[in-house]
Structure formats: C-alpha cells, structure tokens
C-alpha cells in the first residue's frame, strides 16, 4: 500500500507536498484506501488555472490521521461511484459545481441546482430547482407521491418523491437545493468580515459545530494556539448544542407519533438548554461565542455556577421526560423496527454521527480524531446495534447523559483564565488545512485551500447531512409511507447545511 | 307543544355546545402537558373568523368539492335529529331510524372522500384511501354494536332503545353493555380522528388520515367542515353517554344534568387517552378495529343468549 | 295478456327481421333498436298494470310437446321482474344503436341485434313461463343469446375466454335447475307450476330442491362462490349488453329462486340462514373484490355480486321471518329484496351505460389511466356519481330505501324475536306481536304474503288483506294484525316512488349523452387526457411539485388523478386478500421516455444504489 | 399512566405568565434593541460601517443610524466604536409593521407600531399561520417552533401553525428567499384565502441579511409579496417574535 501524505485533524500541509496524481492512479488509490478501511471525508474541486484540482480527504479511523490525495482534471475523469457508493453525492456535486463529468457515474443529476462555478460547459445542467428526471417505477398499483418543497410543519424546504405501492415505499428520492444561498462561492477569496457569520448560519442549529471547525481551520493556517480555557469553553458549548438538539429531537420524535407528554416536556427542556448557551454568549444558538483564536466571551464565576445548577435541573427533567419513551409500549411499538439500516449499508454509504452509531458503527470524531479538549477528556462512545428509529433515539439519549457528565466534569476543573490569545491573521499561502468536528449530527469537515496571497482559493464545507441524506432514502425502503416523518425526524438532517 | 319546545332545545343545545367538547378535550391535554392551553371557545373563534374570510379553490376541483361541506354538515345534522338525549325522545324518531343514523354518517364520509379525490392531490387520495379502509372496518362494529343494543332493548328505534334501558337492563346485561361501550369508544376515536388512530394536531401530511382530506378547504367551507366534525363528535358521544347514564335511572331535570356531566367526562377521557398514548402505526389500526369488532360480537352474542 | 304476447311476438319476429338485414348495418341500426323498443313498450303496459294492482293475466295453450303446455302468466312477482327487464332493455337498445355504430362494417351488428332481441324475449318468457319445460327452453335461449352477445368481439382472446367461462358456468347452473324440475315434476306429477306444491312433501325433498335452486339459480344470479363467470363476461360484452346482463338478466336467477320458494312449504330456519350466509359472504367479498379491480366494468361486475348478495340477504331475512312467524320481518325482508332487484337494475344499468360512455370517450376502462373526467364529461360524470351514491345505499337515494328495509327487517327480527331469529334447535318460535302460531300452512301463507308485500307497488292506501290479491292462491285466512305491516310499508313506498322515478330519469340522461361523444371526438379527448396526465418531467415545472395544499398551481400528479379506485382500493384488499401478489405488477421504466435514464442500466453494479426492484432494471 | 402523572407532577405547569406577567429574563450578554447615544461621533470615523457584516449602519454627517432589519446583532460595532456611541439594550421589542420603522437613530425611539387593522379586526382571537422557510438557516425556524412549546404556549392566544395554506390567515416567512424558493413562496402566498398577512421573521427575511448581495437570493421578501410585520433579529429571540405577533393582532396594547 502506498503511503499517502497524511495530516492530523486540525493540521495543515503545503499544497505542493501532495502529489498531483494521474486520474486513474487517483481513482485506484482512493478505492484502495476505502477498501482498507478509510472513509471519504471530503471529495472536492479547487480551481487551478482552467482545470480543476480534485482533492480527496480520506479519514483513517484506526490511526486517527487524514490523508490527502489529489489529481488535476480538465473536464472528465473515471468515476469512483460504481465501486464506492459513498462517493456518489460528492461526484454529483463536482459535476454540478465544476462541470466535470465523472465517467460511469450511474446517477448524475443535480445536487443543489446551483449555477456552476466554472463557465465551461460539458453537459448542461438544469438550474431550476427540482426540475430533474426523477427515478420512476411504473406498473399497476405503483404510484408516486411527491412532497414539498413547502411542507406542512415548520420545516425547511426539500422535495421528496416516493414510489409507493399502497402504503409501502419502494423507493424514495430526495431532491434538495431550495436553501442554496451560495455560501461556498462567497467564501472564496476570504476571509472577510462576513466569513465568520456565514459559518454561524451554515446551519443555524449547528452554529457551534461549524464555527469551531472554521476557527480550527483558520488557526491551523495561521499556526496559532488556542488557550486551554477557550478550548474547554468550546467543548462545553459543543456539548450543550448536542444536548439541546438531541432533547429537541427526542421531543419531536414523540410528537411525530402523537405521544404528548415527552413532546411537551422536551420542547421546554430544549429551550432551557438553549438558554444555557445564551448564558455563555447572550445568544441561544451560540452566535458570537466561537472566534478564531479563542472565544468571544468568557465564563464568569456567576454564570459558571448558574450553568452547573441549571444544567443539572435540565438533565433531571429530561431524564424523567425521556424515560417515559422507553417505558411506554405504544411508543416502543412505533420506534422499534422502523426505518432500519444495516451496519453494512451504513459502512458502504459512509454514514456519520448518530445515524452511524445507531447502526453499531463506532464512529466519532471526538474519539477517532481527537482535538481540543477531547484530547484531554474522553467522552465514551455510544452505539446501538439495531439501526432503526429506536436505536437513533436511544443513542441520542445516551449521548445526552454522557455529554452532560462531560460538561459537569469540565465545569469542576476549568483552567484559569489565560492571557489573551495571540492571534495573527496572516495565513500560510498555498496550504491546505482541514478540521473535523463532531457536531451533534455527526462529522463536520471543513477544508481550506489558500492561494498565493494567503486567501481562500476554495473553502469546502461538508455537513454531516451531506453523508446522511442518502441513508434516509435507504431507510425508507419497504417501509410505510406514514412512517416517513418519523424516520426523517430520527435522522433530523439539515437542509441548509446540505444546500449551503 | 312541550315536546316540540323540548326537541328544539335539545337540537340547539347540541348545535351550540358541540364545538365546546373539542375545547374541553384540548384543555385536558393542555393540563396533562403542563401548559395553559388554547381557550375553551377557540373553535368558536376560529369558525367566526373563517366565516368572514374568503375562499381559494384549486383549479383542479369541481362542484363536488364545493358541495361536499354543505352535504356533510346536513348529513350529520340529520343524524343529530335522530339521536335522543338520554331518555328524552329524539326530534325525529321512527322504527329503524338507527339504520338511517349509520347511513347519514356514511353519507358524510362519502362526500368527504369524494371531495378529497376531487382535488386530484396525491395526499388527499392517500388520506381518502386510509379513511375508507378504516371506516370499512369501523362500520361493521357500529352496526353490530347497535344491533346488540336493539337486541337488548327489544326495539329497533334509538329513542325506544334508550327509553327502555334502565338499571335493570344493566343488572341483567351489564358485562355486555360494558363491551358495547368499549367498542363504541374505539369507534368514537376512529371516526373522530383522535389518537391512537389519527393525530388531530399533526402537521405531517404523510401520516394524516382525516386532516389530509380537508387540506384544500378554506374560509366558510372549512368552517362548515370543522363544525360538522364537532357535531360528529357530539352525536357519537351522545350515543356512548346515553348508554352509560342509563345506569343511573334518572328522571326529569336530572337527566340533562347527568347527560351534560357524561359528555364532559367523555371529553376529558378522550383528552386523557390522547395524553398517555402514542399513535398507532397505520398498519396496526385494523387490529384495533378488529378488537373492537370482537368486543361488539361478544356483546351481541351475550345479549342474544340472555334475552331469550 | 294480449300485450305480453304481442311483446313476445314483436321481439321474436323482430329478431329474425334483424337477421334479414345481415350485411346492411345501417338497416340493422334502425330495425334492431326499433323492434326492441316497440316490443318492450308493448310488454311494459300490461306488466305495469299488473304491478300497480290489476289482476294477474294468464294464457294457457295446449302444446304439441308431451308434458308441456304453453302456459304463461303475468302475476305480481313476474311483473316485478318484467318491468325492469323491459324498461332497461329498451333504454339499452337506444344506447346500443349509437354504441355499435363504430363497429359497423367491421362486425356483424345485425347478428348482435338478433341476439339482443332474442335475449329480451327469452328473459320475458322466463319470468312468464308457468311450465317447467317452457321455462327451461326460455332459460336456454337466454343463456345462448347472451353468450353470443358476449362473444361480440370474438377475435379478442380475453373475450373468447370470458365467453366460454360463461357458457360452461351457465350450463352447470342449468343442469342443477333441470334436476330440480325433474324432482318437482316427479313429486307432483305435472310440469306445470300451478301443480307444484310441496306442502305435504318430505322435508328432505324440500331441502334438496332448495339447495338445487340456490346453486342453479345462484349461478345465474352470481352468488359467491358460483359467481366466476360474472366478472369475466360483463366487461367483455358491449356496454349496453353488460347493462342488460348485469342489470336484469342475472335477476332472472333471483326470480327463479323466489319462484321455487313459493313451491316449498314453511321453510325451516336453515333455509333463511343459508341465504343470509350466502348473501353476507357475497355482499362482503363482492365489495372487497370490487375494490381490487382496475377495470371499470369488472369493478361494476363485482359490485353486482355484492348487490345480489344484499338481495339474497333480504330473501334470507324474509325466510327467517316466515320461519319464526314474524310478518314484519318477512315483509321487510322480501320487500327489501324485491325492491333492491328493481333498484339495482336501475342504477347498475345506469353505471354500465355510463362506463360505456367513458370507454367510448377515453378508449380505456383502466381506472389507473382515468382521472379528472368530471371536468370534461360533466353529464356522464354527474350521472355516474348519482349512480355510485345510490349503489352505496346512501340516503336519500333509492339504494338506501331497499337496503334500509332489509337491515330494518333484520333489526326488527332481533328486537322482536331474538331467540327465534337465532333459530336454536328445538326452540319454539316466540309469540310476540300478538300473533297466533298456527299450523305449517300459516307459514306458507306468510311466505306468499311476505313476497307479495315485498312487491313494491303495494302501498299504504291499500290496507293489508290477503284476499285482496286475486293471485294469492295460497293466501291464508288467518287473521292477524296488519297494522304494523302497513305502517312499515307506508314508510318505504313514498321515498321509493320518488327516487326510482328520479333515477329512471337520470338513466335516460345517460342515453341522451352517449351520442355526444362520437368516435372522432373521443380520440381528441383521449389525447388531451393522456397529455395532461403523463406530462413528463420536462414540461411541468417541478418547482410546483408542492403538495396540493400549496396552491392553485399544485401539481396534478401524473400518477394520481381522480382515481376513485386507487384510493379506495389498494389497501384493505391487498393487505387482506392479495398479499402474495403485491409485487407482481411492477413493470419496467419506459427508457425511451426518460432518455437520460439510460445510465440507470448500469446501476446494479453499484450495490447500494440499486433500484428497489431488479424487475425494473431487467426491462 | 401513573408514571406519566408522576412526571407531570414533577414537571409542573411551565407556561410563562408573559404578557400578563413579567417578561422572561434575557441572558446577560443579550443584544436587543440598539441604543445610539446622541453624542456625535468623529467625522471621519467609519469603523462601525467597515466592521458591520450586513451593512446595517449608515452615518449621515454625524448621525448614526442602524437598520435593525439588516442588523444581525453581532455587536461588532459596539466593540470598535471609539466614542462608545453604539450600545445594545436588553429590550427585545423590535418588531415593526413598516420597514422604515426598523431604521433606528439616536434619540428616544419609541417602540414602533406593529399592529395591523385587518389583523386586529379578524385575527384577534384566532390567527392561523403557515410557515415558509425560504433559505433560512433553521435558527429562525427553531425559535419560531419554540413558541409552540409549553413554556411559551402560543396556542393560548389563539395563534396556531397549520398544515395547509388554505387554512392559514398569514404566512410566516424566514430566510433570505433564495431564487429556488421564490416561486414556491409566491404559490403558497396565492393559496392563502383573503384577507391574508405576511410576517417576516429574522434579518434575512426582512432584508436578505448577510446574503443580501448574493446572486442566489436576488430578491427580498418584501419585493415579492407585501409584508405586514417585520421581526428583526438573527435569529430573533422567541420573546421578540411573540411580542411582534401579539402586537400585530392587538393582544398587547401598543401604548404600554
């Protein structure tokens, strides 16, 4: 096996140290890596002259290192997807963003219906959102149900097409892109005064996760160090975000099956936990909290004490409310067996986060690629083997417990306030930096490539939802269409994080 | 003249009080959730507002869509005139009126389903399909339960049935009547789209049954539909409460009092059920209905055995 | 009797006249329907007179065949069946004139009209015949004529199959009927109906005859499980023939059964229970099978099975009423059943003719491909809607009235004679309603009264009096209170009159509208429908693919139109009945329609991206 | 059932008494209504304008004005202002019926009017809303959803989110309206029966926020459909949204 150029999570390497492989060699090496246990964390293009340089970031969970492979293509290259399903959405994205044709890709259609970032055209792509060839089954009794983009609840827009036979779904096709705001394009040439705010609004509910990843990328490029106390506060904020969203998800799951007690209580408790984040920085989603080099606000003694007490109460309340789920037979009857994904499938399509852990995959950035405070304090990884809605709910609950314990531990031993962090804005030129963060949905991957001027030549964001949407489509196969909202909520993927 | 006044009073009290029941159900749920909850008279406010609003019709719809709310409402109102309040005779009563009662509810469903199909939307078609599937199973339960009542009371008219049912009937046929009430309670939940069969609060169009069929209605049409739904709740509730309070053997002034209390208890009971149960998977609803069918058949067999 | 004979003569002579127009389709188009209408009009007058209370008319001529005599009689029971036969056939003939026009030159329409008129004549003869041999002769002509009518499009394999299934099924039924009459004839020494009487006969023989009649006539009527020919033959036949077959011809089976019942003595409980059972099974399974159909006419055929079940249920309840001495139950049961015979004839023929118009306009009976027709075929749509509501038994239409009577009869039975209705072995019928239980003769009388009371025309203004009917040969003189009977009768008659009139009027509309959709026009309509329904991904902006609730522009999804059947059907039935074959119908992707999907063929290589059904990919 | 009752007893009734009682307490670093001190600032100082990510600040002469419709409340301007003119108060009442009322200058600005005559007349006791997310980041949606939880209990005011635009009296729009959502938004609006109102929640819906200049969201909500109420914030605090809704339908007296 060839040794690739590797770097740790939160590291940076000069661009020229990654060999520019020939396309077939690139393909071979990526496939070899995937066969040997690596996972594609990102696969993206970066403009170089009138060609596009493809980077593939492989995450090696056993060594905790990330390897970078690259190749330069003009307009076509042999597709990875036929032998490596987890690449399929990345390659569709490449085709759409850069007008590169992955030859042999079986499913080449738009991801977000965005306008290409490169003028040259090989194959015209439709830009009106939702106008595409959808997979279709025909035959007697087979019918199609199309949902969205506007849904009946307070949900983000997305389009879903079900090929059904009665109540049974044979195939679900998900078409997104309605939330596409062109963030990646706007990031090129940065950072500027808006960059941090783009990160905060990539996915509003993952503000901490995405800003942490961004800040770590910048810190890697500027080679600056983050004071220990800031690392702890970041860790606490990340886990608070996880707790709040998981509680909210469990409440919403209860709501989807009409189980009122848990739904009502969890909605309120989630608000309480969000208010804890607001205690740190004044904003319920953690806006303004994470900044390059450290944190925007520090914890005062008073807020520390409040945080500790209120978190304890919130977790006690949550335990009461959520344990009702596991004690009520009518709830378990709905959760168990709904929307199952096998471990093998999860591995093949590269699921991340709660969805992966619910299939029994031990996959967690905080353990596999530890960074920041997680290098010091370990949060035990939680898995469940059934891969169904129950597993995704139960893993969430166990993670809430673990995270709360982690926060309470950290609050006990908060490092003393350090001197102001030295943070320089001068970024290395022609470097590639990447940071993985375990957001509450799963692995967030940010990769920055700088140009000669030390500005972003391109900035790649991979939200966990990008890996997981296809998992939802597979989970619905041979399920009842009426269980779709339940399955959807058990994944609770981000539309805006995917659409960017 | 007195009877006429009494009948008019009964009808109007039903017509006016029916939406209140939904308010009680929602308040009970709010109490269980630990929130203040919507006002008891929220549905009245909603309807008053809707009646003053305009309408939007899809271009795919035809006159069927527009006619359905009115036909549905009149059907359920007809059913109301057939239903006595406790021991007071119904405004309209003749032998066999319970067949008309069941068919009026059937007519209401027929027009609702037809209107849903008329929109040509895949959701509404799906809702219609579910509605028809479940009602096909619910109708026999209702018919058999009514048949058992006929058997018990020895008369094929609703008014006569409830006039004939006394504490003595309960003493003789208690277990069977309990079974009938249980079966009718399931039907009550199914027909009125309550948990555990349907979730009246859900916003998820793929899981709805009844709600999804009326997604396309707006303005006064929607007000009619909401009103008809509350009347249906009322009239089916009356059926259950009438059986239950016949145990008390009340006369005169106490009858309407007990009836009112009974309706409130029923509403609270529904609120409690909705607060402590998750919704069933759609595939399991037929099992629930089959269970209700078994209850009704058992009651029927019991009554047939012991009334000879 | 002169009118009825005349009708028979006109129809038979006319039929042969049609043969004379062989090769001249334009003549056939005029002669066939004219003869049918004339014949029916001639027959309608006397039948209607009998129905509204005139004395039965009979004709008895010696005949050359041994054991036989040309014995005809139009009594009230015959009239109940004769009126719809003549009425529906006449209307169907008018419809058929226009319906068959596109086939002229391609098919032998003259022959079709010959068989049509023969069918009409034979049906009339079946309900008039008072001699077993004559009855069987008419029965056979009826079977053959309808067989040839079904075989109209005999070059189609499906039609051939349907025809043969029908021919075999109907002759198996005939065999049972033959045995039945042989037994009856041997018992009573004559083949004339008037001599048939099993009052003193051994119960075993009565039982045998009852079972033979149920199977033999049930085959024609379409009781489950001997209904097999119905869903095959009805869709195969031209629509006006389907209307006649489903609306009235299968009712001759019911007629035969009722007629045979009058020969038997007081029925034991199990007669009634058997019919109730058969009726319930046919009613429930019929509707379940109907739900699973894609073919509009097949659906209607199964619906006929259901309605025949309801009729059998009514007859069963009537018999039970007789068995337990409950005149209310007997009256309501028989009245409901006979009224339903007429009602079903009206709305089923209406629906078949409506289906014919749809088929004519759209070129398909596959309901998966139909949708939104109400906007384009307003009159037909409205009429089909009314027919559908009526066939659902919804108030205030005619179907409700007859179903109401049947169910009310059942409930009355429960209310008044709970133990009697349960028919426990050895239990004596209860005495309620102040009835005096008498000998078995009473039961027999009651049967007749029940059937006669069931005849729709008997209204409240005519107080119950068994002697009032001249034809009530076996009327019982036992006095019993008729007041209850009258009260219930008054209940039904008023709505019946208005609603049946109403529905007949609407039936006429269908006929009126049939010619509105000529062939040329129908193609245009068809093309329009197809385009709007199968709009490809290209021409509907998919942004609009929000749920219908989203706005007036909501996507009229290509798979989901106004698909009555789809929505109502797929679930219950599939879940309970057709589980095994659920995936049987998944077909391939039309690759030519979706050119960019050529790439899909490589999909199976990517294990996880594989389409849900390999069957799709293999096409 | 016993278990559920036990939990219910422990959890208690948590619906806040606001608006009858005191308003919920805002967190310590909360940035609410901007306060611009009337002192004039340095002539050539444009620090605040330069640092503002959403171009919400304008300085004419020496008068500083902040457009709360654009402001994302990051408080960068407060940090950089050498004269300490700009500050953010904990006042959460930001909603206004007219877009121009969102531009705050120095002086004692009263809380702008947010009420609408038709809303008061028709929707005072029953307001059904339909939410459309048009490119939002899901934060505004989340904080709107919070209003349905038992702590805020929007239902007690007769305000509800409904599943169909046909049932709705108003649209509640979040997000900068991406090009992809424009048509769907318009169609949803058309599906509402008259009279109807539109509520823009968040800086993105009010002005496009930081995505204002993106070609992917080329139009602002108010250019597509008429807006009756603007609720600023990024995202607005639930209290801000509730206050706006209640003032819109006249459930809170504007004079207070």
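For clarity, chains are labelled A, B, C and D in written order, and residue numbers in each chain start from 1.
Methods note: a contact is a pair of C-beta atoms (placed from the backbone, for glycine too) under 8 Å apart; a residue touches a chain by one contact, two chains touch by 3 or more.
Computed from a predicted structure; not experimentally measured.
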Higher-contact pair (C-beta pairs counted), A-B versus A-D: A-D
Whose C-alpha centre lies nearest the centre of all protein C-alpha atoms? B
Between chain A and chain B, what is the gap in Å from one C-alpha centre to the other? 47
Whole-Å distance, C-alpha centre of chain A to that of chain D, is 28
How many angstrom lie between the CA centroids of chain A and chain C, rounded to a whole number? 64
Can you pull out the residues of chain A that are in contact with at least two other chains? 129-130, 143-147, 149-154, 167, 261, 264-265, 328
Specify, in ascending order, the residues of chain C that touch 2 or more different other chains. 541, 543, 546-547, 549-554, 557, 559-560, 566, 570-571, 575
Residue numbers of chain B (touch at least two other chains): 32-35, 56, 122-123, 126, 202-205, 215-216, 275-276, 283
Give every residue of chain D touching chain A within the complex, in rising order. 3-4, 7-8, 10-11, 14, 27-31, 50-54, 72-76, 131-146, 148-151, 161, 163-164, 175-176, 178-181, 184-185, 188, 209-211, 214-217, 234-235, 237-238
Please give the residue numbers of chain B that touch chain D in the complex, ascending. 30, 32-39, 42, 45-46, 48-49, 52-56, 202-205, 208, 211, 215-219, 222, 275-276
If you look only at chain A, which of its residues touch chain D in the complex? 113-115, 129-130, 149-150, 152-157, 177-182, 185-186, 193-194, 196-198, 201-205, 207, 248, 261, 264-265, 267-268, 270-271, 274-275, 278-285, 287-288, 297, 303, 317, 320-321, 324, 327-328, 494-496
Chain C to chain B touching residues, read off their complex: 371-372, 374-375, 385, 389, 392-395, 400, 403-404, 407-408, 410-412, 414-416, 418-419, 422, 424, 427, 430, 488, 491, 547-549, 551-554, 556-557, 559-564, 566-572, 575
Touching residues (chain side chain D, partner chain B) in the complex: 1, 4, 8, 11-15, 122-123, 125-126, 128, 150, 153, 155-156, 158, 160-164, 166-167, 169, 190-195
